[in-house]
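The two complexes that follow have chain A in common; it is paired with chain B in the first and with chain C in the second.
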Partner chain A sequence: MTAPAGLSRPVPTGNLAQRFQQRQKILWYLSMVFIALVMILPVYYMVYLAFSELGKEFVFPPGIIPDPIKFENVLRAPEGTATPLWGYAKNSILYAGLGTLGALVAESMAGFALARMRFPGRNVLFALTVGMLIMPFVATIIPKFLLFSRIGLVDTYWALILPWWFGGSPYGIFLMRQFFLTIPREFDEAALIDGAGPWRTMWLVLMPQAVPVLVALGMLHFAYFWNDLLGPLVFCQTRVCKTLPQGILANYQATWDPQWAMFMMSTVLMVAPVAVVFILAQRRFKQGFLFSGLGGR
Partner chain B sequence: MTFVTLEDVWKVYLDGTVAVDSLDLTVEEGELMVLVGPSGCGKSSILRMIAGLEEISAGSLHIGGEMVNDVSPDKRNIAMVFQNYALYPHMTVAENMGFSLRLQHVARAIRNRIVGETANVLSLSELLGRQPAQLSGGQRQRVAMGRAMVRDPRVFLLDEPLSNLDAKLRTQMRTEVRELQQRLGSTMIYVTHDQVEAMTMADRIAVLRRGVLQQVGTPRELYWEPANLFVADFIGSPAMNLLQGRLRVDGDRVHLVYGEGKTFELPSELLTGPPRADAQGKEVILGVRPEHLTFADNGSEQGIPVKVRFSEVLGSETLVHVDVPAPTVVTEGLREIAQDIDDTVLSQLETAEESRFVIKLSGDRPIGAGEDRHIVPSRDSRLYFFDPESPVTPAWSPNRKEDDDE
Partner chain C sequence: MRWRRKSTLVAYAFLAPWIIGLAVFYLGPIGASAVLSFTDYNIISPAEFTGFDNYEKMITDGEFVQALRVTLYYTAFFLLMYVVLSLFVAMLANRPGRGTGLFRLIVFLPSLIPLFAAAVLWGWIFNADFGLINYILEEVGLPRQGFFQSPEQALPLVGMLTFWSIGSAFLVYLSGLQSIPTHLYEAITVDGASAVRRFWHITLPMLSPVILFNLIIGIVLSFQVFDIAWVLTDGGPANRTLFWVLLIFRRAFQDFEMGYASALSWVLFIVVAAVTGLIFRTSRWWVHYEGRTR
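Then we have the complex of A and B:
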């Protein structure tokens, strides 16, 4: 059998440049594996501890998996040492849910205004918003605390949720503005001729197109609120509004015996739902950032 | 009845750009008016001012007798079809078409009826449940028309609505839009940069250049009586042949001296009367349409000597490209095309010793490349004379007309 004319000659292999490229690729993968390990190891150790037997968490040398595996920790940990975690979880859901919703509404509206409406001082406002990105948010905690204590919101959910309804985050505003800028203005004009003002143009025409971005941004917010410890610590000192991280802290870490297995199991249980949602929505999430013209760098 | 009136309308942008310069234009009820011109001529600005998407810098705009300068777009009772259609991507065809009614809080049942009827007219009934992404270009275009029709507007505004379609579909949609407009008897203002589209669709055409209206008229008027060189060059395909030279008057006979001392006697039967006093020595651009030129009999020395370059046989007609021994008249249109290809093309054109003419012969009559022939205006042809100084100087005639005693 004869090979086709074009394929009959052997392809030259193994020149220097190719080998160099290959070596670079291997180095690249090795470093990625290393970074991944650094990220995964603590998480792995958390899960390892969560399934360990109480009091036997730190046997030396540690195995690859705990011995014995204590599945009952899943049920025992939420019971807590003093107060069950369920009440805290309810508060966390409220805080993260309403906070996310409020932040998305506020950021969308601000982003829309900055992208689409003409008003004096718009550029100054936008510059300030971007400036806020470099402001450590801790710097605003004391003024915020003073303000909320003055109007009597401290020790209620509202201290945690309301700020997000009135402004969201500068990052979110920036992201939404960038997204709205990518939508052709013809949509606004078509809607204007159809009889929609800015309000209905935004909600009926532009926001439905923003779903991927909203999903991405919403997940970032939700994860932040869900894991937030500092905010609740400052603004909530009573059981009524304490959140899950506070509950875990109160039950396990702040006691004379941390009960590491239970402590870690509560943390695993707290993180798991968010992690699962994140993994399921991963593609949408990436899409959201690509859409807004901010991803893919 | 006059339906849309623009009186001394200006559009000046914040940076000082004058997009529309003192425009006076009226559109009759039931008329399809096409605004045409090269990019940057202000046609879109005019349309957007009529729509209310741009503010009118000065002047007044009346729709249906009512001054609407300060009326919001949705209250002007107009509908607009955008170049990219701007169909809301998350809504179905039916929702897109019914959106304006929904905003007016029209009851769902009535809404569905109106949308259904409109969809019927446009043969869109099968597609009502689809989303824009699932439609072909032609279907999207039709949905955009449907969305406009549902509003039952007083005026349709169309901004290059066919430019996103491929050539064949464009020709088909052209007739579709025109038929629809005639069936509905609606008033339409249609913006395009494509003069063929303008010629085939319009009741009347308004030709614009750099924000200034050059001429308004029926396609026929523009073709036969172009107001100036710009219009003459812009309207017609292939474009009018242009030859620059100096007039020499001998008694009743008029010659054009062109190229390097060549002369061409203008056939007296094509002139409208005895030469004017000021025609002697005047520098002019002579214009003749491709179908008004023909080849002199073989061996004849009359007319303009040319070298045949090639023939395009289109079946029912033949376009013969020939070189004329005279520098090319570089019009704005030609310059734009040349620059689109390459800057060197433009400099070649400007320095060339020969210029390209196109002669349109009816039937299948190719002429061999390389032949030396002579061309003459045919007996029923028309000659146009323009001022080489500026493309917007009114067309001129070297003759006194019978009724024109100056």
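Then we have the complex of A and C:
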């Protein structure tokens, strides 16, 4: 199970009768095409609506492409139908950016210590970390809210970001630990001979090798923060720190007659940067870059 | 090797952020919500100890019973999509051939769309009066459906729509499938085994640790369903999509019944812990660890 992903060629077809193989292949292609169509349809419809003319989004029967195509929606949507989206976008970038950064640093440090150092209490700490994997976010949300409102952090970015700076997520720690375990210890020893302590060994020797995992984990975090609705809903009830999902929803609910094209375009613009980064990264790190540190375990 | 043994202090320095986080944002809150669950607390006046009142209230609270039922129903649907169907899709994507790269991308793409936006989109596609699906149904001569407005159809529909969010489970399966050594398949194929037997005797056992992982993550995710109910159905019609977390959110942040809401979330935690614990327990019967070295 720990063999590097992608090295082995999957499922050989063996020496079955040629005709049978042929029919199997057609069936396989048909299923793929069918599932791909099912998967892509809502995405396509979303983009379709985003480029439709306001008020003419739902002309039935719909054409293959919107008629007319309104490219100016790209510029109009961020202005918002009630409030501009720029402020929300700034908050989202802060939340997702600082949250991801802090989580990655904290997760790497914790993962490094759990994988590489020997100290009393390690097993207990690791067991607790794995146990926290199953902690539902909502189970802790009320005391967290009460705590943050007492120390005046509700309605500031810190209520959203701070928890991620303290250790990030159990999932991330687990992943980083598993990854560090796959790096031979000879690296540490070589660094030690050169006089590096654990801190410098981690940052200068191990972290450069962890870039693919960090990118993958970072993207998972970023996408989660970027799309998160419940967190901001609880901790950010005023304009100062509301995020994009709240902003887009607020605009959508602001008018009696929802402006579908603008809503969809806002969403498309919100998703696009994340999607592009995902696609580029997937190209860059071909071999199943996500979960590469997990080794299928 | 020296620094590794040298000082416990250094190790704890590395772990300090996580230990603080664990205490302040995980163990502390779960303990605090246990304490709060025995009180009556509305933020403004001080908490009042009420014993097991909140838990007794829960049993007789029709809305809680409904939320429990709805959430379990949804979980069954979600796991079918997230654990079972996504394996099927991943196996399709794992065969070498033209177009599989694009296929993988297309399967993952919908998972990037934020749930609140997907909820609005589905709400429109399945709109009972002006929606696309009802238009198509009418064109081909079938009766129009209520969809999200129908108490019978709303929840199954929400459940089916989770098919578009299998992306992460799909990726995990894919990397699991790719790390199964080819020689196992070669050996069993030489023995003349059919595709079904290959799946049953190689793929499933070799993949079982990954299945366990997806199952656990899937359970934790599905019990927390919130966005679609918040944006689209508001728990309705007739409370048929009143998910557990929506109920907690309403009690806590709309009615400010912090004590009762804490009891609700504490029970949620217990249920998730019990279910996942049970699965871990049974996992030794069905999870196969190849070359366990640690």
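Going forward, the second predicted complex is superposed on the first by the 265 of 297 C-alpha atoms of A that agree within 3 Å, B and C clash if a C-alpha of one lies under 4 Å from a C-alpha of the other, contacts with A are read in each partner's own complex, and residues count from 1 in each chain.
Quick note on the criterion: a residue touches a chain if its C-beta (ideal position, glycine included) is under 8 Å from a C-beta of that chain, and two chains touch if they have at least 3 such contacts.
All values derive from a computational prediction rather than experimental measurement.
When the two complexes are overlaid on their common chain A, residue A:V138 makes contact with chain C while staying clear of chain B. When both complexes are overlaid on chain A, the residue A:L192 reaches chain B and chain C alike. More residues of chain A are in touch with C than with the other of chain B and chain C. When both complexes are overlaid on chain A, the residue A:R200 reaches chain B alone and has no touch with chain C.
In the superposition on chain A, A:P184 makes contact with chain B only, while chain C stays out of contact range. In the superposition on chain A, A:W165 contacts chain C only, with no contact to chain B.
Contacts of A:P208 after superposition on the shared chain: chain B is touched, whereas chain C is not. Residue overlap on chain A between its contacts with chain B in one complex and with chain C in the other: 189, 192.
Across the complex, chain B is touched by residues 184, 186-187, 189-196, 200, 204-205, 208-209 of chain A. Note for the complex: chain C touches chain A at residues 1-5, 8, 10-12, 14-15, 17-22, 24-30, 32-33, 36, 43, 89, 92-97, 99-100, 102-103, 105-110, 112-118, 120-122, 124-125, 130, 132, 135, 139, 163-164, 168, 171-172, 174-182, 185-186, 189-190, 195, 198, 206-207, 209-210, 213, 216, 219-220, 223-224, 226-227, 230-231, 245, 248-249, 252-253, 258, 261-262, 265-266, 268-269, 272-273, 276, 289-291, 293. Chain contact summary for the complex, chain B toward chain A: residues 51-53, 72-74, 78-80, 82-84, 86, 88-91, 99-100, 103-104, 147, 151. Residues 1-12, 14-15, 24-25, 28-29, 31-32, 35-36, 38-40, 42-43, 45-46, 49, 58, 60-62, 106, 109-110, 112-114, 116-120, 122, 125, 128-129, 132-147, 149, 163, 165-168, 173, 188-189, 192, 197-198, 201-202, 220, 223, 226-227, 229-230, 233-234, 245, 248-249, 252, 260, 263-264, 267, 270-271, 274-275, 278-279, 282, 288, 290-292, 294-297 of chain A are the ones that touch chain C when the two sit in their complex.
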